[in-house]
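As structure tokens, here come the structures.
You will see chain A twice below: alongside chain B first, and alongside chain C after that.
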Partner chain A sequence: MSRRIPWVLVVALVAMWVPWLGSRFYTFLATDIAILALFALSLNLLLGYTGLVSFGHAAYFGIGAYTSAILMKTHGVPFALSFPAAGVVAALFALVFGFFCVRLTKIYFAMLTLAFAQIVWAICFKWNDVTGGEQGLPNVPYPELGWMAAIPGLGQMRAGDHFYLLVLALVAVAVAALRRIVASPYGRMLTVIRENPERAEFIGINVRLYQLSAFTAAGFFAGLAGALFGIFNRGVFPDFAYWTKSAEVLIMTILGGMGHFWGPAVGAMVLTLLNQQITSYTEYWPLILGTILIVLLFGFRGGIVGALAGLGRRLRRR
Partner chain B sequence: MSALLELQDVHTAYGLSRVLFGISLQIGAGECVCLLGRNGVGKTTTMRSIMGLTRPSAGRVLWKGRDIAGWMPHRIARAGIGFVPEDRRVFAELTVWENLDVAERAAQRRGPWTVARVYETFPALRDLAGRQAGFLSGGEQQMLTIGRTLMCNPELLLLDEPSEGLAPLVVDRLLEQVGALKDQGLTILLAEQGVDFSLRLADRAYVLEKGTVRHSGPAAELRDDAALRHRLLAL
Partner chain C sequence: MPEPAFLFGQFLGGLTAGMFLFTIAAGLSLIFGVLRVLNFAHGSFYMFGAYLGWQVMSWVGPGTEYFWLAALAAAACVALLGIAIEHCLLRHLYRREELYQLLFTYALVLILADCAKIIWGTGQLSVSRPPSLSGAVQIFGTTVPHYNLFIMLLGPAIALGLWLLMHRSRVGRLVRAAVMDREMLGALGANVGSLYTIMFGIGAFLAGLGGALVTPVKSIVPGMDVEVIVEVFIVVVIGGLGSLWGTFLGALVFGQVLAFGILIMPRFSIFAVFALMAIILIVRPWGLLGKPLR
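Up next, the complex of A and B:
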């Protein structure tokens, strides 16, 4: 069923009406969610599809953010170039780091991804001349979006709404590409590797090569998300690459459900909305988050989407 | 007959626990050779050593005269050795057809085996093509595992305990099917606890004991000589 309905298009078409709600805050939230959804979906290429647990995925998010910010702010490169460049640079770093990571398995793999991410963070934190060090790079310019006002119906909108529509379009294209990847024969190879790397190996699959390619692709999409986030956030800071960011995206992915393509996107949405709502009532957000995670891990291993899919199956059987 | 595969004094250990103490054996092209012996004598480890899944600590594994000990398993698969492991697990989330397709893409070896020919050999699989492999019965999974390995167009098939845990009727059908593969000229190394199964198929037999070769000879000899069989296998 999901093959016939172009879900990416459906979701994008629904989400594009958010600016017409007229609230600057809703647009802000929706932009945040769209970017983080792409970030989480990129991680799931590793986690859910290839069976690789990365504790350092924020590194590529951060690299993408810094690449695009440095190009746009320091060198005046237009967004149309800096955006793909962010993906490519992040992918190159993922290729180099991944080359070493895929030589290890399981917890050792996870620890090495974390180690590389901490190195990236330390460089962002200390290399004052290029990254702005601890202060980061504030005031990353908005892309030139004046042309969007010329489109009928968009003329009255704020710049934030224009940026949201751009983000939505770019994220939709990236997510469609991810969807194509996981549904292709290449994606099936990744599934096979996740199910059993040894079995995959003796039917002739070069497991490390496939893992490295998935790691690089995941880095590419994380880099794209990072580039958008830097602009959205009006600045890039070292904590984009910090381990807590890696943990956050892991939590989103598991919360939403890594066994389903859309799981991580749902996780990104739910976590962002909950965070907004709950922090307006209490300062103990981490406490609530911890409780949610415990309930989830004990009661709903498949995450939100996994639980809903299970419920749907049970209802249909009746 | 020059050997297609030859093991020379192969020693293999899992960490500190040594399992193989100098196994030497030969398999000629077109032969069906079986490894016999009780549980834990090293039949599976011998196969894992050939396939590169557990690296031998000493000794040589010669494939067409080239030492492949220490190669990565995927290279060994692409060189023409196909492995059907004893747990016979399929890729449970993929359909039957996808399992076969993945294997064909993985090994990148052209040869006579196609999806259509696998279906011809195992007609039951054709009707199950769209079924998720995790839902197949034990016998069907075994057929699929063998079929998947054949999609890599191997010249040598390593079959580890193919009859284990299958109903007698299913075992009989499997015996016919493996026999047919043998008649088509495929070289087979078979590890089995089920002596009847092996001896009905095999040309030659090696009897393993505590990680060494205790006896080797024509399968007919073991088949006909109950006393010898009893002495070697204590059955």
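Up next, the complex of A and C:
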């Protein structure tokens, strides 16, 4: 009888220990990874669970980032309100855009999501009065985290460490919600639609409605990730919504493995760490990323988690 | 109301931009029409065409005949690159989902962009116009450079050439048959694999040619690949993916929307073309002159 190791718990405990390493750099990396993991997991709700290939997921990341940054910086709204607002606004945009997108299939769906994302980017890029245009919105304020210092054991930490713990808690809640969604009967329906939309329609499922709701939910979580990233990055820029950003999160998802719930999070982690390592040696990170992607497409279809799971199965059979 | 001569100049500017884009978009549309692959790397082929054209020019020196030689040599090199990529890599992905093909061509974008940086650096490069086309003519009070006139004529010539290739040649007949039913054509003894390779090569050739010909008008910089692929996507989506005349129409529309959009809303003309693309996709996803898939 083999006991399962509670990986999620292990990872969560390790992640919580990062600030105690005392390195500003590790905290920085861990924050980056946690936020991008949420972003990639939100995309996988569409890609892996509903079978919708969105090539414009960065739009909702960008909308969330701008919403929270504009509220916090321009209007002085506290983080506790601007953070959920970012998710809601991103979800509203996803609802409107998704309404048109889910009526198309396959390549046309991908193209329309891309077109909407480019519209969002163009508006962010040009609407100087509100979005700061090409310059973006620098100096997004940190949330008020003084209360954290009052908690025993956290008093002597830096602001970055406090923010990291906040990000970790919020991401954990969001990911738990995502996990709950995909494991629910509703999530099973999404999988049915991915496997065979026609058959799903025949047994009386309103396919478009399910797809639209998944699109909206994915937009909501991407918006939350964007809001956190804007603060983490100390600024929000039009690039957040550019199509290459959408491609980047797709690569994370595929790299980790879209067939597993945790795949995209692993992809986000590996890609961020690799980026950190490789850019210290060479400026040609895109060249390496492209090569990794090609190897992945030809060699490891299930991504990292898929390959590990396959390996685990083979070992157990011995 | 602006003067008619100014509006006419604006119209010709739009037409030139549109015909430039058509040269590139025709290849993208051809590749999608036959292979059903949306090639993100098409912009990279265009960029390589520009850099290679500059490279050959710098070797052989200035002169009209050398300019054409450089443009054709660059396009041929890009075609060879395309053929190699299709033959060694892309063809193994045809049976997989679209997502994998999209990501594959995106990987090419990343790799080719860095290769260009390694070979040619990150500075601006430029090529002067061929001497025989460096003059200009007056049309209705507007000065039109000979070179722009040439581009305006080149677009229709390429469209006509592609139409003849697809509808009046044996290869074209086979290609159209392959689009209808690939397996049946294979069963009848045609080599569908090499047919696909040839079409990918022709598409890459057109992108390379467009890149080499743009060099006298625009300077060559890193990032021109990503910039052009977005524009070309809009063109083919408006006209209809896989439709030759649709792409032609899409290029004309795109050029004019951009030229006159700048007059009406100077800051949001870029927004206007994306909005146009979204509207077309919502109302008629297969484009103005395209046909629905399946």
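The rule is short, and it goes like this: the second predicted complex is superposed on the first by the 308 of 318 C-alpha atoms of A that agree within 3 Å, B and C clash if a C-alpha of one lies under 4 Å from a C-alpha of the other, contacts with A are read in each partner's own complex, and residues count from 1 in each chain.
Just so it is clear, a contact is a pair of C-beta atoms (placed from the backbone, for glycine too) under 8 Å apart; a residue touches a chain by one contact, two chains touch by 3 or more.
Fair warning: this is a prediction, and the values are worked out from it, not measured in the lab.
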item	value
First, second, both or neither for A:116, with chain B first and chain C second	second
Chain A residues touched - chain C or chain B, whichever exceeds	C
First, second, both or neither for A:191, with chain B first and chain C second	first
First (chain B), second (chain C), both or neither touched by A:205	first
Touched partner set for A:239, first chain B, second chain C, both or neither	neither
Intersection of chain A interface sets (partners chain B, chain C)	none
Chain A-touching residues of chain C, taken from the complex the two chains share	36, 38, 89, 92-93, 97-100, 102-104, 106-111, 113-115, 117-118, 226, 230, 233, 237, 241, 267-268, 270-271, 274-275, 277-278, 281-282, 285-286, 293
Chain A residues touching chain C - in the complex, by the definition given at the top	47, 53, 55, 100, 103-104, 106-108, 110-112, 114-116, 118-119, 122-123, 125-126, 243-244, 247, 250-251, 254, 284, 286-287, 289-291, 293-294, 297-298
Residue ranges of chain A touching chain B (in the complex, touch as defined)	185, 188-189, 191-192, 195-196, 198-207
Of all residues in chain B, those that touch chain A in their complex	51-53, 72-74, 76-78, 83, 85, 89, 91-94, 98, 101-103, 105-109, 148-149, 152
